[in-house]
Amino acid sequence: MHFESWNEFLTMGGHGLYVWMAYAVTFIVFVGSYVSVRVAARRQVRELTWRSSTDSNVNS
Amino acid sequence: MMLVRLLGREIKTVLRHRADVLNPLTFLFLAVMLFAVAVPTRDADSAVYGGAFLWLIVLLTNMLALDGLFRRDYESGVLEQIMATAQVPFLFVGLRIFMQWLSGGFLITLLSPLLCLLLGLPFEIFPVVVLSLLAGTPALSLLGAIGAALTVGFARGGVLLGLLVLPLYLPVLIFGAGVINEQLVGVGGTAQLYWLAFISMVALTIGPFATTAGLKISLQMQ
Amino acid sequence: MMLVRLLGREIKTVLRHRADVLNPLTFLFLAVMLFAVAVPTRDADSAVYGGAFLWLIVLLTNMLALDGLFRRDYESGVLEQIMATAQVPFLFVGLRIFMQWLSGGFLITLLSPLLCLLLGLPFEIFPVVVLSLLAGTPALSLLGAIGAALTVGFARGGVLLGLLVLPLYLPVLIFGAGVINEQLVGVGGTAQLYWLAFISMVALTIGPFATTAGLKISLQMQ
Amino acid sequence: MSLKTFWHKLGSPRWFYQISAGWIIGFGVAAMVLLLVGTVWGLAFAPADYQQGNSFRIMYVHVPAALVAQSLYLGMGVAGVVLFVWRMKLADVAIGACLPLGMLLTALALFSGGVWGRPTWGTWWEWDARTVSTLVLLFLFIGIFALREAIEDVELRARASALVAIVGTINIPIIKYSVEWWNTLHQGSSLFLTKKPAMPAEMWLPLLVMILGVYCFAGHNVLSRMRIEVLRRERNTQWVKALFTD
Amino acid sequence: MIKLSQLSCRRGEFKLFAPLDLTVAAGQYIELTGPNGAGKTTLLRTLAGIYQQYDGAFEVEDFLFQGHRIGLDGLLNPLENLTWHAALAGTVVQDEQLREALRRVDMLNYALTPVQAMSQGQQRRIAMARWLLGDARVWLLDEPVTALDSAAQTLLLEMLQSHCAADGIVVCATHTPLDLPGKQSLQLSAVTQ
Amino acid sequence: MIKLSQLSCRRGEFKLFAPLDLTVAAGQYIELTGPNGAGKTTLLRTLAGIYQQYDGAFEVEDFLFQGHRIGLDGLLNPLENLTWHAALAGTVVQDEQLREALRRVDMLNYALTPVQAMSQGQQRRIAMARWLLGDARVWLLDEPVTALDSAAQTLLLEMLQSHCAADGIVVCATHTPLDLPGKQSLQLSAVTQ
């Protein structure tokens, strides 16, 4: 482990603000795009199941 | 009164469809970037050029958007209908100019701090830049509309538009860039700011009328 | 052969009517004058800005003229006829691009010494400016035509055109302004000149084909 | 299965839907592991840079974002060629899927670069070779995005964005070279797979892990967006209906 | 009520037709005929106040004008176009009236499609819906039959008949005669250039 | 010779009409009829190679196409436009042939006027002159009767008759039936959206 203590790890020799800001935004970007795809997929599944169930009983 | 309600509805409909808001902004950022790339040295007085260039590019973006302002309505016969049916045609023409300013000049003003950042202008003059743009861009749209109205009849009006409109734009540019330079040098540029606002007022009074007259002339040629 | 004679006649007819030659020039002179007015200090290194600014304005003028390049033929049905009747449509599209370059880029190149004078550039770099414009402007017209072809279908294509085309213009601007700066500093800028010519060659190969494909797409929307 | 049959099968959306499930899970897991290991390694264990101190750790986020963003654009160019030459509908689905992540990663590269520049160059924004080429990349992405927004018709939108992607890709090397020539204040490209990297091994190894991690993430994200688009486009076909009648 | 006294239109310094004198009472249908280039469009645009190079005088009550051009904004859909036109004429229309007009021209299921994504005849039908909404007494129509299919042509005849019956006036340039009661034909003779 | 096999056009993913099978021999006149929005223009633009969103296949020999749009450059005068079109089709025409074509459509004295300074009907006549110059065997015409006065309508009929007589083929979308010998009508039924 490069750093001796936790709080040194956090301050990063004075550059902590920048490093954590960059990593925070990266985390948001990655998780955000993952979640948005998941939500879109789930919404589509709900929509398609609803459509096909109404279609099936319409023409059955 | 009744007319205001009507105009409200027109703004909603026109805005929803034609305010392709995103494009003028990205075009502007690109142009600013091209400037910063083209100008190799970065030093104090480059800020002066930066300010002047910002105004020049706002002016050119405005002209690019103006060229198409009336052309489509001219070809489709909508202008014909405005002149034939409306009791107060200059009101509807004025509304179209307002829409163009809203999705052009006004938006640029809102985002000008970002542009200043890219141009490397010092922080303290950001408010002045915003103010100068706010005061100046209405004049750009109004005066530009006159040129657009007159040249809509010609096939390649775009560049003739430049010819007609640039002399009208000259004072706006001089004062706009002037405000920024004065501020940079420290001498308060408020005098130019008032001049800008004054030009916009004058443009507001003559703009819609002159544009309507210009459109009437172009319609004779159709 | 026969086709060349035909094209000769086409150039004559199109040139006589549509090369509103005067306009790109006047627009350019006005823009250069605006620059001279906007930039208060006149000193040695302003020549650097002058060179960069000249290229930037040539680029933006080109874009202004491009916006209307295909729009009128699109509306009048002439583009429809080209795609329907011509065995080799990209030839006639290429010819239109050539006409636009002739009355735009090429003309600016011919008159650039005058512009350099206005911008206060030293005499000895006039030939370099002319050469760089000659090598660079074909690429501007050819690449710009691709953007114009794709955006002709949209109402306010002008600014979307800027968005599509400016990134492609960046290298031309960098090398164009670069050649002038190198020359000013005394280091021979010939390498960049070859790069400009190379970009124009690449643009010549992909330009007409991509533009024709773009026009075909826009015609589907009519 | 020979490449020929693979290529032929790629034409059928249904086949793509079936095989992509496995790939998405594979990429997802790999990305999770690689990114976790890479971040921890880069943040906590890699030695500090003797000049920049710890701020160089932003590189582990900045470089992968920039590289993957560029490869996504090149991927769109390739998909454009596939669409024009072989008229494959899936290529348009690919372009539509790469676009959002590409824009996001370019913006991330710009942001992280700016944040990194603050302590090292003293300003948030510095006009130099790398910054300009990334900004141009962002505008190339926005150009295609704006064009796709402007065209409703699916087939026309496909051909128009394919054309712009191809022309853009042809220009990327020219833009890169012109920007490089123009002035390179930016740190020389220190990581070439061919020559020995300027950084010590324990510095660029986590970078390699992060780059692979982000590539896997991109694979996962793009493929899942493609699956959604394929389902949307084939929603009226029998096989999709059969899938969803429980 | 329309009154023309010694009205003749000019293109540059070239007179298009001999000066006209005409008074049109309520309920009448004037059919403007003449060869191509006789000046029918120019006359109608003059009466509509768009074209201003004429000699003599004329008076026209509140009118609506339909030229060779459709006059609709291609980006907006029929509902928005019709609302905008009503605002132009200073009248306020409820949504119900708009739908009724579109139903009458059989374009209700295109109510939300941008006008540019329609066929020539469909766009013409939207323009016809516009006439129904205004309360203009005088209709100035320039070749309204263009691009209309047989169903739309019969609808056009019905609309003109009911407008004239309600004391309205129709002045219509056309190359295919329309049999309406009380038709008065106005022949513009072509002048060689 | 024209051959359609299972040809149907699409707007987005919406099919406009049922697939068509048709073989047209030399000398025949096909009249395309159907309500507004049936897809006549789309079919003609597909046959002319302008519109590419179709299913099925078709073959058309060398053809000329006349759409709703005039297809002439407004800034150029008729002579220049006709020369340009001939160059487009790859044929060379002498001045004499141009004047003869303009004389036939009675537009000789407008030979030097820019096309944009002409009435709708006059512009249509210049387009008709263009048909005379090319040697295309197949004529694809979209509502050619628009804006033509009675004299021009009779001229149109004569031209179509002599073209068919000379083993040419005419495919014409129109709302007003044209009585030509050997007429075969092709009805496109409208599909509700």
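As written, the chain order gives the labels A, B, C, D, E and F, with residue 1 at the start of each chain.
As a convention for this text, contacts are C-beta pairs under 8 Å (C-beta built on N, C-alpha and C of every residue); 3 or more make two chains touch, one makes a residue touch a chain.
On a predicted model such as this, the values are computed, not experimentally measured, just so you know.
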**Fill in**
Label-sorted list of chains bordering both chain B and chain F is C, D, E
**Asked** What are the two chains with the top count of C-beta contact pairs?
**Response** B-C
**Item:** Rotational angle, Cα trace of chain E fitted to chain F, multiple of 5°
**Value:** 180
**Fill in**
Taking each chain's mean CA coordinate, chain A and chain E are separated, in whole Å, by 59
**Complete:** When centres are defined as mean Cα positions, the distance from chain A to chain D in whole Å is 17
**Asked** Distance from the CA centroid of chain A to that of chain F, rounded to the nearest Å?
**Response** 58
**Prompt:** How far is the middle of chain C from the middle of chain F, if each middle is the mean of its Cα atoms, in Å?
**Reply:** 36
**Complete:** Expected list for chain E, residues touching two or more other chains, is 68, 74-75
**Request:** List, in ascending order, every residue of chain B touching at least 2 other chains.
**Result:** 18, 20, 23, 26, 30, 37, 40, 72, 75, 155
**Fill in**
Note: chain D residues in touch with at least two other chains are 132, 136, 139, 142, 146, 150, 153, 155, 182
**Prompt:** Which of the residues in chain C end up touching chain D in this complex?
**Reply:** 143, 146, 150-151, 153-154, 160, 163-164, 166-168, 170-171, 174-175, 178, 192, 195, 199, 202, 206, 210, 213-214, 217, 220-221
**Fill in**
Listed in rising order, chain F residues that touch chain E in their complex are 34-37, 41, 68, 109-110, 113, 118-122, 124-125, 143, 146-153, 175-176, 192-193
**Message:** Show me the residue ranges of chain A that touch chain D in the complex, using the header's touch definition.
**Reply:** 1-3, 9, 12-16, 18-19, 21-23, 25-26, 29-30, 33-34, 37, 40-41, 44-45, 48-49, 51-53, 55-56
**Asked** If you look only at chain D, which of its residues touch chain A in the complex?
**Response** 35, 39, 43-48, 52-55, 57-58, 61-62, 65, 100-101, 104-105, 108, 111-112, 115-116, 118-119, 217, 220-221, 224-225, 227-228, 231-232, 235, 240-241, 243-246
**Prompt:** How about chain D: which of its residues touch chain B in the complex?
**Reply:** 124-125, 127, 132, 135-136, 139, 142, 146, 150, 182-183
